[in-house]
Amino acid sequence: MHRERFYTLSASCPDRVGIVARVSGFISAHQGWILETAFHSEQIDDGGGPGQYFMRIEIRADSLPFMLSELRERFAPIAEEFEMEWKITDSAVRKRVVILVSQQEHCLYDLLARWKSRELDIEIPCVISNHDTFRGFVEWHGIPFHHVPVSADGRASAYKEMRRIFEEARGDVMVLARYMQILPPDLCEGYPGRIINIHHSFLPSFVGARPYHQAWVKGVKLIGATCHYVTAELDQGPIIEQDVIRIDHTDTVGDMVRYGKDIEKAVLARGLRYHLEDRVLVYGNKTVVFR
Amino acid sequence: MHRERFYTLSASCPDRVGIVARVSGFISAHQGWILETAFHSEQIDDGGGPGQYFMRIEIRADSLPFMLSELRERFAPIAEEFEMEWKITDSAVRKRVVILVSQQEHCLYDLLARWKSRELDIEIPCVISNHDTFRGFVEWHGIPFHHVPVSADGRASAYKEMRRIFEEARGDVMVLARYMQILPPDLCEGYPGRIINIHHSFLPSFVGARPYHQAWVKGVKLIGATCHYVTAELDQGPIIEQDVIRIDHTDTVGDMVRYGKDIEKAVLARGLRYHLEDRVLVYGNKTVVFR
Amino acid sequence: MHRERFYTLSASCPDRVGIVARVSGFISAHQGWILETAFHSEQIDDGGGPGQYFMRIEIRADSLPFMLSELRERFAPIAEEFEMEWKITDSAVRKRVVILVSQQEHCLYDLLARWKSRELDIEIPCVISNHDTFRGFVEWHGIPFHHVPVSADGRASAYKEMRRIFEEARGDVMVLARYMQILPPDLCEGYPGRIINIHHSFLPSFVGARPYHQAWVKGVKLIGATCHYVTAELDQGPIIEQDVIRIDHTDTVGDMVRYGKDIEKAVLARGLRYHLEDRVLVYGNKTVVFR
Amino acid sequence: MHRERFYTLSASCPDRVGIVARVSGFISAHQGWILETAFHSEQIDDGGGPGQYFMRIEIRADSLPFMLSELRERFAPIAEEFEMEWKITDSAVRKRVVILVSQQEHCLYDLLARWKSRELDIEIPCVISNHDTFRGFVEWHGIPFHHVPVSADGRASAYKEMRRIFEEARGDVMVLARYMQILPPDLCEGYPGRIINIHHSFLPSFVGARPYHQAWVKGVKLIGATCHYVTAELDQGPIIEQDVIRIDHTDTVGDMVRYGKDIEKAVLARGLRYHLEDRVLVYGNKTVVFR
C-alpha cells in the first residue's frame, strides 16, 4: 500500500531465460523506481514444457520521464518479443465497482464501510439488486440504486437491463455480494475475469444451493467461503481466495449461517482487493495471486 | 441459537459434590426443558483448594409452570445453599447496548449491520462519540446520536455527561467500538463487567498507544486483537476473546492497520455476543466463556 | 487431563426432560465427584422430533464407594429407563492401539513420540505394515512389528492375517497412520467405530487417490486433512477432526505433500486422542466430539 | 522445492534504481535459468531515507557455464558496486545441523523424522544434550550423541565443551530443540544468526520461564510459539516464525503444555527450513523471510 502514484505492470508469458533482466533493464534504463515486484514460474505438473512466467511490478509514476501512454508504447515491443499477455494500470485511476446484492446486509455494509473510509479506493457507480430492500441505505451514501426484479419469466430482460446499467456505469468489475441469483452464461462469458462472486462454502465442497445445510449433513468440522471469478459453469470459476472457520456439534445450520457471514465478507473483501490491485493473474482455471 | 423463548441461568460457586444434581433436579422437578448446558470446574493451579464451579443452563420458558420472577424466587434457596453468584436472564428481554465510537468506521458499520439483520438481537438506545462524524449514518438508522467532545480541560464534565446519557438510556452494556479515549477510573469501576473494549493488539503484548507500530518494530509474524472488559488499569481487564492474523515483511504499519480492522471487528462481535448471551463468567481477572 | 484415576461415562439417548437430573442425581447420591461434564442435545434439522441427547461425565474413582463393575451394575437400570447406548471406561486401563503404516515416517514417528513421553497413555501391542521399512525403528522401541505384504492376488489372506494379529493383540482400536491400502469392506464392518484413518484432504473434497494433486489442479487456496472412522465406503466414514493450512501459487504438489504431513499428523493425533478419551459419540454418519 | 541442483543468491543493500536490472542482467547474460526470485524494499517507517533492499534468487546450476567459485568471483564486483551483504549457497551442499536437546521428545522426534525421510535434506553431525536420556534413540539413527551435563558450578566448562563439539562437527547451525538451558552471552555472540531457538510463547508475551503458566494466569485465549535467532538478550532475538493455537477455560496448564508441543515442533521445523534454504535475511532485530 503506497501513497505515491504508481503504475502496475502485470504480465504472463512462456518461461525462458532473460525475462526479468529484459523487463527490469527497461525500467532501470528510464530510472524507474520499483516499489514492489513479484515473479512466479509455474512449473507444469508433468514436468514437460518450460512452464509459464508471471510478473507484477509497481513503478513510481514520478520516477519515469514520460506518461503512462508512452510507457505502454515503449513497453509494447518487449511484450511482443516475449509473447506476453500484459497490462499496465495507474493507481490514480480508481476502478469502478458495481455491486449486486439481494437481501443480506453483511457484505454490502462491509464493502461500503471500506469504501467510505477509503480503505478501498474505488468508485461505486451504482448498486443493483433484485429487491428494493437496501435502496435507502445505498442512496444515503450518495450511490445510485437500481432495483431490477428477476421474475421467473422475466429473467432475460432483467439481465439485459443489468448489463445495460453496468455498461452505462462504465463498470470495471461486477461484485456479487451475496446476490442470490445465478447469472446466465452469456453474461458470465461477456465479462471474463470481471465478475467476482462469494460462495458460502469451501469449494469444491458443497457446490450450489444451501451449502451450510450440506455441511451440517456431512458433519464437517470446518466451514468456509470462496471468492472466485464467475464463469458459465456454476461455482467452478478460478478461485481467488478462501478461508474457513471451526465449528462443532453444538452449531446448528443457523449458527453456521451466522459464522459464515463473517468469513464471507472477509474473503470477498480480500479477493476483491487482490483483483483491484491487479494482483490476480488467471491461468487456465487457476489463479496466481501476488499478495 | 434458539427461536423459542428461554431463560438463561448462569452461576458460580465453590466446587463440591452435588451441584449439578441439585440444580438439574430442581429444573427437572418442574418439567423444565433444558436446551443447552455447560459446566466447568476451575482447578486452582497450585492444586490446593476445591476450586470454583461455573455453570450456564438454558431452559425453555414455556416448559416451566411459572414465570421468571417465580423461577428466581424458587431458585434463590438453592443458590444460597451453594453460595452462588448467580443470575437468570430472559431471551425475550433485549439487552440495551450503548456504542461509543470515534472516527473509524469498521466496528460501527459492522455492529449496525448485525443489529439491522437481527443477527444481534439487541436494542441500541444511542451512540455516543467525541466527534460528530457519524451523526448522519447513525441517525439514518433511527438511532439517537450524542456528540460529547472530550477536550483536555473538559474531560471530567464530558465523562459525567456520558454517564448521564448511559443511565438515561438504561444501558446494560457500553461498547467501546474503537473509542480512542481512555475512560477515567471511576467510570470503569462504576460498571464492572459492563464496559467492553476492543484493543488492537494480542494482549498482553503491545499495551497502550500505537500497538501496530509496536508490532512492526518488534517484527512479529502475527498481529491480533483483544476484546476485554474495561477496568481501571489500562488494557488489563479480563480477556473475553482474541484472534490473530498472519503478516510478513512486506506489510507496512498501514497494512497492519488495515488487516487489523478485520480482526478487531470480528473479535469485538464475538466477544460482545458471548457477553450478551450470558456466556461470560468473570473470575478474578480471567473469564470462563461457555461458547 | 487429570492425574487422578477416573471413570468416564459416555451415553446417548432420545432427548426428554430429566436426563441430566437423573444421571447427576445418581452420581451425587453416591458422593461421586464430577471432574468434567458435557451434554449436547442434537436438534434434528427439520425440527420434527425431540432430538437425541448425548453426554460424557468424568467421575473420580476414589470418590465412589464401589468399584467399576458395581458402578456399571447400578447404572444399568437408569440406562435402560432412558434407552441409552452407553459405556463406562476406566482411566487406569490403557487402551490398546494397533498402528498400521506403509512407508511414510511422519505419523509413525509422531505417534511413537507421544507414546514414549506418555502424552498418549496407551499400549501399542504391535505395528503392522505392508513393508518392512520400519521394523528396526519400531523394534528399537520394544514394540513388536509384523510385516504383512499385500500382493494383488494375496489380499484376502493378508487381511485375514492382519485381523488375526489385531485379535491376538487384543486391540481396542486400529489406526491407519498413512497406511496406503484400502481395507476390504468386511474388515471395516467388523470393527465399527474402531478403525481410524487419516485422509490427506479436507473431505468431502478430493476423495480417493492423489488428493494433493487434485487440489493443485483445482487451484484451492487451502489444503487439509481429515481424521475419520473407516466404513466400507471409501473416505466416507464419520469425521472426527479436520484442519487446513494455507498454500499459494508458489507451492508445487511436492510442497503440498510436505505441508500436508504436518496437518496429517496433528489431525490424526487430535482425533485419536478424542477417541481414546471417549470424547467421540457417533450418531448416524456424524460425530459429537466433546473436546 | 526443486529437484535440480541450484545456487541461491541472497543479498541486501541500500535501495536505489537498477538493482534488479543489474543482478538479473548479469544472470541472464550467462544464460542463467532463474527458478525462483523474491525482492523486497523495506521502507523505513519514518519515511526518511531510501530504505534497504533484499533479494533472493535461485539459479539452476547446470544453466550456467561455470562453477560456483567462478559465479562468486564474477558476482563480487556487482555486490561491491551496490554495497551488498551477500552470499551464494549450493543446494548440493547439505547444511550441518547440530541439535541441542534436554528431556522432551517432541522436537527431537520431529526433526529426526524429517531428516530420515529426506524432507529436511541436511546432515546431523551430532546431538548434544545435558541429559543422557536420548542417547539410545539418537545413536539408533546412526548419529553421534554427546552428553554434556551442565552443573551449577560447571557451566563455563560445559559451554566450552559444547563449542568445541560444534566446531569439530563443522556445524553450520545450532538448533535448540527445547534445550532447557540459557546459553551464555559469549556463545550467543560467537554465532550470530546461526543459533535457532524455539520459545514456547507468542513473543513478546511471556518471556522467560514457565510461559504456559504465565499464559494461564493472564487468561489469554490463544497460546503460541516463536522460532527466533538467539542473541545475548534472553528471548529477544530476531523472530523467524510464530504460530498460535486456540485454548479455552477448560484447558489446564498441563493441557497447554501438550497443545504447545504441537505448535513448537511445527514452528521450529518451518523456521529452520526457512533458515536452511537461505530464506531469512536479518535486518537489525527483524527478519525478512522469503517464504
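We call the chains A, B, C and D, going by the order they appear; numbering starts again at 1 in every chain.
Please note the rule applied: a residue touches a chain if its C-beta (ideal position, glycine included) is under 8 Å from a C-beta of that chain, and two chains touch if they have at least 3 such contacts.
Every value quoted in this text rests on a predicted model; they were computed, and no experiment measured them.
Note on interfaces A-C and A-B: more C-beta pairs are in contact across A-C. Among the other chains, the CA centroid farthest from that of subunit D is the one of B. Per-chain Cα centroids separate subunit A from subunit B by 35 Å. Taking each chain's centre as the mean of its C-alpha atoms, subunit A lies 41 Å from subunit C. For subunit A, residues touching at least two other chains, in rising order: 36, 250, 252.
By the touch rule above, subunit C contacts subunit B in their complex via residues 17-18, 20-22, 24-25, 27-29, 31-37, 39, 41, 63, 246.
Only residues 1, 36, 104-106, 108-110, 112-114, 116-117, 119, 136-137, 140, 250, 252, 254-255, 258, 261-262, 266, 269 of subunit C touch subunit D when the two sit together in their complex. Residues 40, 42-43, 45, 54, 202-206, 213, 216-222, 224, 238-244, 248-250, 252-253, 285-289, 291 of subunit B are the ones touching subunit D in the complex.
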